[in-house]
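Labels for the chains are A, B, C and D, by order of writing; each one numbers its residues from 1.
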Amino acid sequence: MSVEDLLRRLEEKGLEPVDRGDVVSVAVEPHALREVAELLVEEGYDHLASVEGIDRPGEDVIEVVYHAESYSEELWGKLAEIRVRVPRGEPRVPSLIDVWPNALFLERETWDLMGVVFEGHPELRRLLMPPDWEGPPPLRKDYKVATEGVFVVVE
Amino acid sequence: MSRRKVGLREHVEAVATGLKYLVKPNRITVYYPEETIGLGERYRGMIHYDWDKCISCSLCAMICPADAMKMYKKKGEKKARPGINYQRCIFCGYCVDICPTNALSFTNVHDVAYESLEEMVYPPERFVEEWVSPAEKEGAKRLKVVFDEERGLVHVPE
Amino acid sequence: MSSSVMKARLLSREGDESVYEVFIGPQHPASGHMRFIVRLQGDVIVGVDPDIGWVHRTMEKLAETKEALKAIPLFERMTIIDSQNVTIGYVRALEKLLGVEPPPRARYLRTLLSEMNRIASHLYGMGLSGIFVNHSTMFMWCFGDREVWIQLAEELTGARLTHAYSIPGGVRRDLPQGFAEKARKAIRYMRRRLEEYRKIFFDNPQVRARYEGVGVLKSHEARRLGVVGPNLRASGVRYDARLLGDYGVYDELDFVVPTAEEGDAMARLLLRGEEIRQSMRIIEQVLERIPEGPILAEKYLRLIPPKLREPALKEGRIKFPGIFANLKIPEGEAVARAEMGHGEIFYHVVSDGSKKPYRVRVVTPSFRNVVLFRYLPPGHRFMDFPAIYGSLDYFPPESDR
Amino acid sequence: MVGEILEIVFSPQFFGPVVFPGLVTVLLVLLTIIWVERKIAARVQMRVGPLYVLKPLGGAIQMLADGLRFFFQEFIIPETVDKLPFVAAPVVAMTFAILPFAFIPVAPDFIPYSVPYSMPVFLGLNTVIPLTIIAMAWGSNNKFSIQGGIREAYMTIAYEAALFTAALAMAITYGTLDFAEMVEAQGVPGILVNPLSAAVFFVAMLMSAGKLPFDIVEGEQEIVAGPFTEYSGIAFGLTMGIGYVQLYGFTLAFTLMYLSGWEPLIPFLHDIYPALGGVMLFAKAYLLMVFIVFLRSVYGRYRLDQALRLGWRRLFPLSLLSVFFAVVLRVIGVV
């Protein structure tokens, strides 16, 4: 269980991990996601700190980013990041709830707010949004928030 | 961390502690509105605007995180002046801290009540008004907060 | 335990007609701003479905619509009782993107306010754990004594709760005159009070009966569920984001991160009391060792017009340089973790080089602890539910964001 | 005519249940003890408590204001409730809470209804109240109420046996089932003769009146207000009062059985009017009540199963032991 082991094993899988100081980042294809996640668990990353979606309408993708964290002292300062790019029209990734049990609410939230479908997740129900919410997921870039200017003209 | 076993002794101890405070209470109540706490000079209360110092740079309106501060521009006039909407203001004090001429400043008045929402919007003309604490206007006694080893906070007349 | 067993315990179960469904909240004396659908068989809980989101504000989206600096007072509103710790992670992430480091004095001041906030936050949590078993004295005492720390924080920052104290590159206010003496008095007072808390609450046999052996979370379960904060450390896992050395001056100070082995509700309560003691130790050391110097990074300090800078430095009140209204965040990504009273908060800030962040991801400690509402109560009696809730120090607006 | 009315009013049969220690005193006790409870809690808890209703006396008539509010507030009867039990149960409960006062002697020759079994009658009438509370819970047709009703049923099982057995021990000690004779038989206060019985009776009494640390039936943090969740207005006022009325009755009984009742009798007051001889009894009972409501600021709430366990594993065996002790005392002829 060390960062070197992790980098070596990821490279053995033909991936290109990048060490950014406090994060080891690795980009994977959706079909390889689960395999890499299991590898991370074996290397001591016992839980997820975050699941998020980054909407990139310019490239027509949604980037799903997982941050795994470890409570083992040797891995404290280093998060493991998995990045998956999925098409914006049909964002589907396999659910990692079997690998990291605490993905339960993190994935559900990402589905709720970003519209990413986690296949195999047992309860993709509304979590933070109202149960009857319709319209684009609020964290997508095409959901606009009204903003105001600085100046008001008065008579 | 180790944990002690508890029994009858602890029952007695708990009741005794309760009785101790029943005999010698440690109250922190301030009888507002008869008394009011005089707040320190650093307190971020209602904001005061100095008409003459303002150079209309609009930095205050630009940095306001809550869209409370707006620059009011009279039709035909060139210079815009800030006005504030206390429905929105969160008293973060960014506008005061960024003001390059100290035209905006904090007061230590915070206990203001309004009868209507419209009253809470201050265009520049009203923004210059001086702030007076309504409780103090009614004759509330000002108290000072003093830290005390025995009692935590003690409120003494200023 | 394999993750499949763990998953089975996590999933919500509807149950058959023998199940008695009780809605705790959103209008209930002990629910907070949320709802629990509690399923009972007789007096025994078979499942709890936490229904959160009643105070959701989509803060991540709002942060994208504002200039980066404006999100600091926004994020404060997730955990208004702990506003320094909740924003310090975001400020650190911005500092990493901007390439600016706070001067030593600012780091000490941040640590000081962080620990004052942590004490206030723990008192809040301990008070709630009192009222959840109807121990109203603990509730009132904690909230009354919390006032001491709020008063201290007000004298430092100018606001009782929403301090907005840390800004990229430093802090906004220097120590006021006579602060150290006041803080030392507050610490001595709190030490005495903790002993009184022990007598009337922690060692009260009634409280022990309600909290001991209830909601036991084992160490390996806590690891796999990604539980954070005192709830994690009470299960025997020594982890604290302060130990990462990413913010503050914790690596220069002498303090202990307490852990407990039992993992039950009582351990979580006792741990909070112990953490208050440690935080007070930290405050004492900070007040002793705080170095002289500027409280804002040189990079921004020299942008303040000189005729404002001198009086501001003398008064200990930083004026913002004009650039703060239009701060461009260099393109890139940064993560930051910080330890709040409730546990670790995680920020991931993505910037595309404009004034507003492209994406801010924030995972709050309460949100990470939500799984425990699924995981811990099944098998317990209905009356244990408030006890478990009370021991977790869960804060709904933080979870809902 | 006036003389006849006065004679009726001041006859023990009327004055006892209606004025002292009955209805009127009950109302006064209700009005004051809740205020005392709130003031004590406030003192311990760094607060002030009720204040602005009659400020010179520290808000002493706060409960009068609250009571008036209850009285004039609309009593909402939801459509889903079973109307007869819902409306009738609080009234029946209050009646059965007041009724036992007819059997409480307040002075040597001031006994409203002199029966040789006043102690069991008193305790027996009190056992009707749980039934009415269960009726309230059932009639309310509310999930929290039904949970509360079930808790009430369980709690009854937890304390009743211990309460009766502890009282039996005293009956054996004094060789009588009558309160008045018990007081007369007490040379040394009963609490010193049989402290075990007194302790059991005290705890069981807390459970019966639903005072902390045993306010399990109301269980605010789990079941809102238990059986009383659906009540509003004056009916809620009644349900809130039941526990205090019961407590008052039990403290009177406790004083009679263990604290030598009205002794020492003040002859001067007793000569003016016999009922005034009960002043000592009332004072002792009131002090005991003050101590019990003070416990609110020391304790939280025990769990239902813990209360049951306490009732059956601790209190009941202890009460049997106290009976045994009483028998021994009688055999060796100490009392």
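Keep in mind that, in the parts below, a contact is a pair of C-beta atoms (placed from the backbone, for glycine too) under 8 Å apart; a residue touches a chain by one contact, two chains touch by 3 or more.
As the structure is a prediction and not an experimental result, all values here were calculated from the model.
Summed over C-beta pairs in contact, the chain pair with the top total is B-C.
Comparing the CA-atom centres of all chains against that of subunit A, the greatest distance is found for D.
Taking each chain's centre as the mean of its C-alpha atoms, subunit B lies 48 Å from subunit D.
Averaging Cα coordinates per chain places subunit A and subunit B 41 Å apart. Work out the mean CA point of subunit A and of subunit D, and you get 61 Å between them. Taking the mean of the C-alpha atoms as each chain's centre, subunit A and subunit C sit 23 Å apart. Shared contact sites, meaning residues of subunit D that touch two or more other chains, fall at 44, 46-47, 297-299. Counting partner chains per residue, subunit B has residues 14, 17-18, 28, 62 touching two or more of them.
Judged by the touch criterion defined above, the protein chains form a pattern that is neither an open path, a ring nor a star, and not fully connected either.
Across the assembly, chains come into contact as A-B, A-C, B-C, B-D, C-D.
Within the complex formed with subunit A, the residues of subunit B that make contact are 58, 61-62, 67, 70-75, 80, 83, 123. Here subunit A touches subunit B in the complex through residues 148, 150-155, going by the rule given at the top. The touching residues of subunit B, counted against subunit C in their complex, run 1, 3-4, 6-7, 10-11, 13-14, 16-18, 28, 39-40, 42-44, 57, 59, 62-66, 90-94, 97-100, 102, 106, 145, 147-153. Interface residues of subunit D facing subunit C in the complex, by the touch rule stated above, are 41, 44-47, 143-144, 147, 212-213, 215-216, 219-222, 224, 296-306.
Contact residues on subunit B toward subunit D in their complex (touch as defined above): 14-15, 17-19, 21-22, 25-29.
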